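Worksheet: one structure, shown below.
Labels A, B, C and D are assigned to the chains in the order they are written; within every chain, residues are numbered from 1.
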């Protein structure tokens, strides 16, 4: 197959993807992040904890905050306990467990600066630790404030991509299409798309990736409020020119998408990426419309649940395909 | 009408608006947001709560904060009440209502971390809830801090558009004009305008929108400190070429405006959009000046109340219009 | 003078400054803000309080915070006083002044959430007001946090412009020059300059401004670490071509400068503007160097105090000037 | 040497680096900051304290916060002590040291707004100071919140550059190469490189720097996930054309690199710079690969520890070099 296939691609391998021709596996994951593992350096230098905290799910982020809060209080409770409960007023000294519970709550009342005062430090050591704990508490919540803000003010495109791409009839020929739609109440303008593809070829028994830029029928739109169907026409300038249904199935293809738009609430450019590999491309299909005029024709309705809806479609037969 | 009208527009329908030709209703609302409803997905996924919070009016935003504060305290008051008022010191136990009032205020003193200590928790359960409430309180105010900052640091253009556009005499012909002015103490530089229009045509009894880019006489200015009158000359390159007063009234037109500028305080690009539909276009009128030299000629005065002021103006008669 | 002067300027009046030809006074103040007054609309709509707070000097900003803090506490003290001091524990009731002082401090302890508890509310009304005050206090400091951050994270170029521009010998002719230097420990890269000028002409007894773009000898530099002398060569393409020393003195000229650069700490584009009017242009002078190699030649020293230093310089005599 | 060397460089000295030809020492330090000292103006005006705080190491930043906290509390403790401990409740008056310790802790409990109330102010003066201290405390933590956020949200490229550059065989000739790789879990896209060089020449016994832009073989890549080897081909358009191994050793060369990319988490452009001087350029060497397919070929592994690994490589001999 490889040999015949090589003859089909007449274009120069010009795209500079940043991935070497002998990188392996999917290049870009569905979520847009590159599929690369880093080794070397130590793990702390290799992680940007800010990037990590921003990429956590809300549930995990909050869980980490709660766990950190409990652990810090246990540590300080142990310190106060070691210093001695006699240096705190109002402690229930009926038994050691009650003592520990009370110093734990004293710690939390200090860390959050609630400071009821029912339990309060007396003497130098306990007071000093409490002084430091209150300070640490405020800094911790200062950091939490920054992380919360960083998380929710992070400019994001909130685009939903169709799970599949289709090879559909287009004008007199065929085109590779996928679509996307904004799914939140954000307003995107001046959107553009950059499309490229990796095609794996086997030369002398060695698999190797070639990268190509893919032209799109319309690469810019003014307002990204409805769905956008991105169309790559499969003509002489396409690396897919002459590909049969089997080629799309059997050759390792990865199509990499980058959408860039301006969000008016963030007043910032937002970027979202995704990719389609061979098994996510359906040959001979077309998308069905996903928006329609509302009653009274006063607005337009976009039905996001239809983003993956398509129907079978016959493709025109071109002479070249019989080769 | 539709037929004669089609002959008048000699330009190709080239603008990629992002709206389909069978979208309906006004495309862009006066406030610049697209007139689209989204369905499908569930409502929580469809809303970016950050976009929602930033788009609320100040009054509603503050009201929501106050309501949330009261509700949270009622919930915690109920929890403390269920745990039992004997686990809190200093409660007025004269009757159940007074008890509830006191636990409510204990809750608020904990949530805000004011913690007077007149009422304070004793025993494990009440202390644990208070520990959690103080923590929740700090995180809530952390989020509020982020939202306040997000709201007031959000880069905005603060432009006022004239409510109406006019078809006015310009050079030897006519031009479609509207104007805008910055109305706050912000300093905008390097402003540019992008102008496009949708024109509804009826083909075979089906209404359909065509989109055109509109050329502007000057599309960039250095300093946007006074008003800016945007001028689209109606000549051979305009889709409005040959439109009569009746055409402007009877044909569904929507002119979409996007202004982009650099704000030196935000150090960010700001964008504002608006649109004009047929009923907001006045045929045969011109704007009256809205700025004038101050006394002593030491500065220039911009009178924002005059932004909609215009006077009737005769348009030159062109031969083409008699067709 | 006006007539002869008009003949000297052979260039078309092409620059779109955003200022009308009959605007008056200096267009851009030395600090880069436009010299325009706005009227109409009411004053609250006309002010962006965020822009106002960011443009205040540090001293005034802090003063406003302190004054607001005192006023808020006086208002709440009055409310508590009206409710009755018997609803607060621990009040010194020796005389009305002491009572008021104590409720004032109770208010401040609530507003800051310090809540010592020596004075604490009892009963519904006082507790309710305290509940609200603590909430208000936290929101106020949330806003203050945002304003502090907005103020110090605001991207700024920190450039110092020379107070004067000079008409200096340059290559075989003359050039209009001024210079600028970064004066803080910020690192600016990819700087460029946009230069334009307004020249007032009198036509039929009416003063009118013409605007011209001025070419610069080098309009981009990679690293803005030393001083940058911006050079506008006065040749056939300059509106100042043929201007005599008297012309520079007698004609109302305003040269408007905009510097744009990338700051690597803010990771943002920063812009700074300034302007030079006729009386700030010195004819026949050149700047003296303001940087020199350090001892040992290991680094370069930039002496910011020399930014305005110049010496007299003879200009080459051109034939055209004798006209 | 200088004379022969001058003949070798046939290119015009066109790059506008922003450094004068008589600046001295390395221009750009390894960390990308310019090697310039500023004098004049006073030191407070010359420092942007925000830039300073953002450039501090985490350890020093936290240390400064702790030191500031302790100093502020000592100052307030002294004020309360001078006012008199009789104006504070609950002070341990056994001896002056204990008194001072207690007022110190009262100060810290006020500054952090923990306010246990065991020690509380009575009377006007002490209450007033406490009122002010709590206010100051909240503002201080507001500033700290902003600084924390500013520090960790600061967009940075997190690129590691190879310590050395190599002159390696490339196509039929030679090329100057270095490489870089992202070392954290950030995702960079649309990266480009700007490369320039300073070459010191001696004319009439005076050292002088000439600046040149260096062409790169590929100046843009789509995804910066693996390492990027930047290649400057040494051909007729290179200022290094005809340089021998000795020239690279003996001539003062500084190659300045600027990488610019888009980070999808910050949604911002990030820039990182570095430079290579003569002693950091290895003649006749090539880098060894630093990434390889993972087992199962499901992903690609990037080994950051190999970034400086190279092996000796013979360079092709060109005729020009025999001159």
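As a convention for this text, contacts are C-beta pairs under 8 Å (C-beta built on N, C-alpha and C of every residue); 3 or more make two chains touch, one makes a residue touch a chain.
To keep track of the chains, here are their UniProt names: A, B, C, D = Inward rectifier potassium channel Irk.
Everything numeric in this text was worked out from a predicted model, so none of it was measured.
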item	value
Cα-superposition angle relating the copies chain B and chain A, to nearest 5°	90
Interface composition of copies chain A and chain D: same or different, split at half	different
Pair exhibiting more inter-chain C-beta contacts, B-D or C-D	C-D
Rounded Å distance between chain C and chain D, as computed from the means of their C-alpha atoms	28
Length of the line joining the C-alpha centres of chain B and chain D, rounded to whole Å	39
Touching two or more other chains - residues of chain C	109, 113-117, 145, 149, 268
Touch list for chain C against partner chain D, complex	65-66, 69, 73, 92, 101, 105, 108-109, 112-118, 141, 144-145, 148-149, 152-153, 158, 160, 183-187, 189, 191, 218, 220-226, 228, 262, 264-265, 267-268, 291, 293-294, 297-306
Chain C to chain A touching residues, read off their complex	113, 115-117, 145
Interfacial residue positions of chain C with respect to chain B in the complex	15-20, 22-28, 32-41, 45-52, 54-55, 89, 109-110, 113-117, 120-122, 124, 127-128, 130-131, 134-135, 137-139, 142-143, 145-146, 149-150, 154-156, 194, 196, 256, 258, 266, 268-271, 273
